[in-house]
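As written, the chains take the letters A, B, C, D, E and F, and residue 1 is the first residue of each chain.
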Amino acid sequence: MNKVDLSFQSCKSSYEEADVVIFSVPMDSTTSFRPGTRFAGNAIRVDSIGVEWYSPYRERDLNEFKTADVGDLDLPIGAVEDALDIVYKTTKQILNDGKTPMMVGGEHLVSYPVIKAVFEKYPNLHIIQLDAHTDLRESFYGRDLSHATFLRHVHKFVGDGKIYQFGIRSGEKPEFDWSAQGHTHMRKFDFEGLDEICEQLKDVPVYVTIDLDVLDPAVFPGTGTPEPGGMQYKDLLWAFDQFQKLNNFVGADFVELAPMLDPSGASTAVAAKTLREMVLLLQMNREKR
Amino acid sequence: MNKVDLSFQSCKSSYEEADVVIFSVPMDSTTSFRPGTRFAGNAIRVDSIGVEWYSPYRERDLNEFKTADVGDLDLPIGAVEDALDIVYKTTKQILNDGKTPMMVGGEHLVSYPVIKAVFEKYPNLHIIQLDAHTDLRESFYGRDLSHATFLRHVHKFVGDGKIYQFGIRSGEKPEFDWSAQGHTHMRKFDFEGLDEICEQLKDVPVYVTIDLDVLDPAVFPGTGTPEPGGMQYKDLLWAFDQFQKLNNFVGADFVELAPMLDPSGASTAVAAKTLREMVLLLQMNREKR
Amino acid sequence: MNKVDLSFQSCKSSYEEADVVIFSVPMDSTTSFRPGTRFAGNAIRVDSIGVEWYSPYRERDLNEFKTADVGDLDLPIGAVEDALDIVYKTTKQILNDGKTPMMVGGEHLVSYPVIKAVFEKYPNLHIIQLDAHTDLRESFYGRDLSHATFLRHVHKFVGDGKIYQFGIRSGEKPEFDWSAQGHTHMRKFDFEGLDEICEQLKDVPVYVTIDLDVLDPAVFPGTGTPEPGGMQYKDLLWAFDQFQKLNNFVGADFVELAPMLDPSGASTAVAAKTLREMVLLLQMNREKR
Amino acid sequence: MNKVDLSFQSCKSSYEEADVVIFSVPMDSTTSFRPGTRFAGNAIRVDSIGVEWYSPYRERDLNEFKTADVGDLDLPIGAVEDALDIVYKTTKQILNDGKTPMMVGGEHLVSYPVIKAVFEKYPNLHIIQLDAHTDLRESFYGRDLSHATFLRHVHKFVGDGKIYQFGIRSGEKPEFDWSAQGHTHMRKFDFEGLDEICEQLKDVPVYVTIDLDVLDPAVFPGTGTPEPGGMQYKDLLWAFDQFQKLNNFVGADFVELAPMLDPSGASTAVAAKTLREMVLLLQMNREKR
Amino acid sequence: MNKVDLSFQSCKSSYEEADVVIFSVPMDSTTSFRPGTRFAGNAIRVDSIGVEWYSPYRERDLNEFKTADVGDLDLPIGAVEDALDIVYKTTKQILNDGKTPMMVGGEHLVSYPVIKAVFEKYPNLHIIQLDAHTDLRESFYGRDLSHATFLRHVHKFVGDGKIYQFGIRSGEKPEFDWSAQGHTHMRKFDFEGLDEICEQLKDVPVYVTIDLDVLDPAVFPGTGTPEPGGMQYKDLLWAFDQFQKLNNFVGADFVELAPMLDPSGASTAVAAKTLREMVLLLQMNREKR
Amino acid sequence: MNKVDLSFQSCKSSYEEADVVIFSVPMDSTTSFRPGTRFAGNAIRVDSIGVEWYSPYRERDLNEFKTADVGDLDLPIGAVEDALDIVYKTTKQILNDGKTPMMVGGEHLVSYPVIKAVFEKYPNLHIIQLDAHTDLRESFYGRDLSHATFLRHVHKFVGDGKIYQFGIRSGEKPEFDWSAQGHTHMRKFDFEGLDEICEQLKDVPVYVTIDLDVLDPAVFPGTGTPEPGGMQYKDLLWAFDQFQKLNNFVGADFVELAPMLDPSGASTAVAAKTLREMVLLLQMNREKR
């Protein structure tokens, strides 16, 4: 008899043998409205029994690949910088070990240290963000690093022309203006042009960060700041088709599931299906390389 | 003063005088993830006060027709085969009495005995299934008859080319492969081609089985296994328009409402409106014949 | 230290200095199915912290304008006529003071006294209604004035050809027939033609009344009578674009949020965003005049 | 095959043959805080499958008796006086036909017409009320008849010394003062003395009205105005033991279940068990007479 | 980096080194009313982060002991007998390996195979049951083995005078009568006498089975069949004090948490605290032996 | 027409004229399990319409006194120390202005700066804490100031023998041991002895801090870390009777309501009634002085 194993679906490889490594970051310290994303990782694990391992979209099965799930990172509560440092070091290690990181948030700020670590390995890194919110403030409630600023701070190291934002429908005017000065490529309201961008970025290293609130709250009510007027899940599946064209897809995350806010479980199902598709995309990408 | 009557909406005819007979099957014994569909029938009855009797889609009113609602069947709990036998015999009786059956699940397995009984009356029966899931496994968790296998077992008596599946987006690879060998017509992801199929099947006997999880969980979160990326309710209304073209629409069901999973009541409203439309379609079809 | 101020978002002007005045009407006395819209106003106020003040759709910020929020009206419970009279007098005063009324329901009947007051100031008033329901009954459950009759009674004073209904998908047959006799312009099921109507009504005084149940229950489950097959929030945003073309937009309301029915808060977020957009439209319209 | 029968538990007698008659009153028109008691009757019916027919407290079984359930009365929405008149006439008929009325609310105001009808048959009627609230205002929000005034108006016809209140823990000061002048017997906070009162009232006609919010919100959260500091269910069971001593128990009700406010179903279970006990008490009392 | 470990609290020993072994049984196949207990085990695991490892009642810490958590057993859905056989064999192995079994249900029927295995090791086994329900039917809905019959079938092998039931408040009359014939010791409604019974059973092997619905639904609403009038959690803690007196406490279980029915998480917290106390009692008992 | 006023109940005095000042602290940054207490203040305000202004326990009415409600403090999110400083300065100002502070949390850490400010005015301050948790850790997750450590840090300035803890039932062993060394008076599990302590502390300045999770989760499920085995609300009312004996009751708070975790509203009702009683106690105490 073995110890209980609640790895996501069939992702039961050991860390050593895995090609893609799932880890979750139970942090929502800078969340300004409704918290709860800290519980996303384990909610997805427990409900993953309701999702098939085979994807009719990718026509591949999770069982064909070696994926490890190392669970929630162990973080100091209320100490933002210390927590981010742990996320950073974890990502570094995964990359140093030649594996691809697949991070599950937590709030969107936790993407910052992951992207930083990936950037250090891939200095020509390009970022595709699917999100309802701009996340481009300089500071927020007196903090530099926050869920509402993280991309502005990512920009500081990746530089102009490397960040592509889609689905944006909420922010302050100065954020939209700053982006329009050429600092980021921003597509408001929908995913139009994502296919062409993926074609353009085919051969450069690409990281994808998905704030699931880019989806309409109808599809994904289980999130802290629901923003009506978003995308359907079929649109996200179409985006995955575009990501499949990339030749150098080096890391990914999705964030902002707050499972308690949707007791029907539908939002957690959205996240679980997204995780299956993302892991498959990362694994299939490794086959190409 | 009369005894309480909680028949669905205005469907208060006696069994004897009715043309269409509604019955519900409170069974979810083989449900593998979240149970609760056993409560669908009465939830729909109680909430049917919130739905109009007139359909602006059909431009007809339930009040123009004679429909009986005989309620939940009385089933032995935990005894799958015995329960299915009661469903089968009930359907037989309704058909023998010259009435059209309208079944409300329950899990999808309960469609099996209904279709079997309808097939025995109409040996050239064709099946249209709207569903997120393939339901084509040979066996599931060691059982032959299960919600995940029922259509494979229906195929055993109706044969190749008689089953038309739409909206499918979840299953195991061997199920998709088996279908692709010509055993069923399967349209993945959406309802494209349903209009032409209905045109083709105009004059043969047709049974329609709707797993409401074919709808996106946004529209229908109150179900055991929500599968993101599904259809809008307007798509289902368009499907009803296609069913109206059939000349020999001999029976129907919908399944998989688990009302407790959506306390907002929106999922139950979806089911109640679906029941009104389905009863009208069956009644209007009888007028044609 | 000041008293607690829970005005909607940044709408913290005093009544005297304001151009647009928000007021909410905590009444659901004639609601026939699930009540609870009485709680809408304060739910929106408290959750408005989750909505940005800047609209990327209007490219304007609430902070640029002077808007007052006078809160819930104080109404006698269970006395429908007395309550409607208070709503009527409040609207009269707002209009007499040269301000534009923005009302938040409550049930749809509370639009009746608001529209009456607006009509008395603008006798050539035209009404645009977005709604799932016809609301054209002569009487309902023995009452003349009810959420299900209010528009029929508005028609009595505005007359034929002044009412434009969109998105209608539920009602009794006589209501649809009465409309078809030319009493109202009714577009069933969607918003098709709303752009042309707004073009036609460009220079006449227009009042917009939105029953949020015109949205699909997926988008807006927090309402008493969810009616599947409705509009997406993007459709509503498109409608707002049309309203922006009007030159004489003299008042507006939205109704039928029942916040307790959607504990996820997504429905309240829909209402809060709608309120931001509506206030901006009314304020921008005043700039034109 | 028979029409669906959702009578409470085994209470499937026809009206004609029944000794005790259950009816429910779907009215919450004067509810000042959270409405929803209109749905109590059918919620109890549907969930009564979860309650045994045998009571180990009474050591009797519902099956031994003839009880009818005539369901929700059909009431005009928003017309308080007309609705109360229907409740009054229904109770009169039940009494005239020699049967005992068992009413299920709705808000507490609906007890008023029931008690009035019972009083007209039994002019020496005594009332035992278990309630968190005094219900002794002269008028409330400008209305004479309201859930907060009903007992004051009952007092107008039964007179001083006939009303016994227990468990009271909320009201306005003038209500407590008015009671203290000898108009009603009021026991604050608990049921102390109920045993002696039942002994005293052994041989006079007694009507029992239970506002289930007399229970602590822990036990009964599904009510519009939860008032902490209430009774345990075991206390209520002890009260039932006292009622069993009465020789002339001529009618009863319980009110204020709002089932949607407690989706766990525990509050509805409290109501269902209470209904079983009350029906048994009324039936056993008829055996004595 | 290690694979995710969601063992209950600090119970992270391997099976080999453990003295007490936790396993959970995700089965609710014969549940007659509201299902969902299949999800209890993992809900407790994930929420166990909210419970301290130290018990101020036992004045001991889980960390002092070696406990393994082997997780949910892997069961064939819908095949009751096969599932029970797996539970039986698992318990046998744990006992054969000299460890003490701590089972978490699932429905109460799953206690049957556990008790059977324990009885085979300890033929003089005595059973203490804390439960709202008698569970003494001969058969239920046509089945011999069911949650409502399991104790009758346990009686068949342990015999008269070996079963002690406390807190019983629901059942059919024949069950109470059968018990009163001396087959079981039954204390209705509360735990009175449990201290003396534990004194009496001090030196015989004792198994404790706790149906958590023995608690009042106020304390434990997250269960399929809430039965008002139950025990407080402090009463259960007092019962644990009594169990501490036993010298030969050879196995235990608790059952009937349906976590989805109580989204507040309070019921899951009740189960998690109960699991901590039960494991400590079993471990401390082994120290004595 | 005035701006919306959502002050708690009738507490509508201006700050200047008030004797007691209510303020709420929307902070839950160090919450280790389920967050959400940041929303407590406004939830209580909005629902306070459901609570009477008169207390039959105190036999006084809120309307007799001058109380201000200054609302949620405006805090920097994610910056714990800065937020605590704002709470500290606010309390200082209230005290300097000769008013009594009544704070509503937030997590329990926010009591720390309030007590610090009160201590600086009253150096002989004694603290009565009602709580499920010890809150006596030296540090927690690497932080000195945390909800789990706050009382240990209060001890650093008030010193031995000044802190009285009641109802404690969760913590780590070293916390219990440290208290037992005489640093605090700790009564485990219940309120026994609180009456005598209040008698002893009659004439010294006393601050009362209530973590509402001292109540059983049955009574108060809407909290982040529900701990079964707690107190009934009647026990808390008895504690209030004891507090009424104090002659120098100089400040108070209650904390840890997370309203979203209990959508029934019962927990918010508990908090609202507690706030009414606490304000009355503080006001009545000022009358004595």
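Brief remarks follow.
Operating definition for what follows: contacts are C-beta pairs under 8 Å (C-beta built on N, C-alpha and C of every residue); 3 or more make two chains touch, one makes a residue touch a chain.
Going by UniProt, the chains are A, B, C, D, E, F = Agmatinase.
What you see is a predicted model, and the numbers here were worked out from it, not measured in a lab.
Counting only chains that touch, the fewest steps needed to get from chain B to chain F is 2. Chains that touch both chain A and chain D are the following: B, C, E, F.
Two copies of one sequence, chain D and chain F, touch each other mainly through non-matching residues, since under half of the numbers at the interface are common to both. Of all chains, the one whose CA centroid is most distant from that of chain A is D. For E-F, the equivalent interface among the listed pairs A-F, C-F or A-C is A-C, as over half of the contact pairs agree by residue number. Across the assembly, the mean Cα position most removed from that of chain C is the one of E. Inter-chain centre distance (chain B to chain C, centres taken as mean C-alpha positions): 38 Å.
Rounded to whole angstrom, the centroid-to-centroid distance between chain B and chain E, based on C-alpha atoms, equals 40 Å. Looking at chain F, residues 32, 34, 216, 218-219, 260-263 sit in touch with two or more other chains.
Under the contact rule defined at the top, the touching pairs of chains are A-B, A-C, A-E, A-F, B-C, B-D, B-E, C-D, C-F, D-E, D-F, E-F.
On the side of chain D, the complex with chain C involves touching residues 28-32, 34-36, 38-39, 76-80, 82, 140-143, 146, 260-261.
Against chain E, the residues of chain F that register as touching in their complex are 32-34, 168-173, 176, 188-189, 216-219, 221-222, 224-230, 261-263.
Of all residues in chain A, only 1-7, 12, 14-15, 21, 23, 42-43, 45-46, 68-72, 90, 93-94, 260, 263 touch chain E in the complex they form.
Within the complex formed with chain C, the residues of chain B that make contact are 49-54, 56, 59, 61, 216, 218-219, 232-234, 236-237, 262-266, 269-270, 273.
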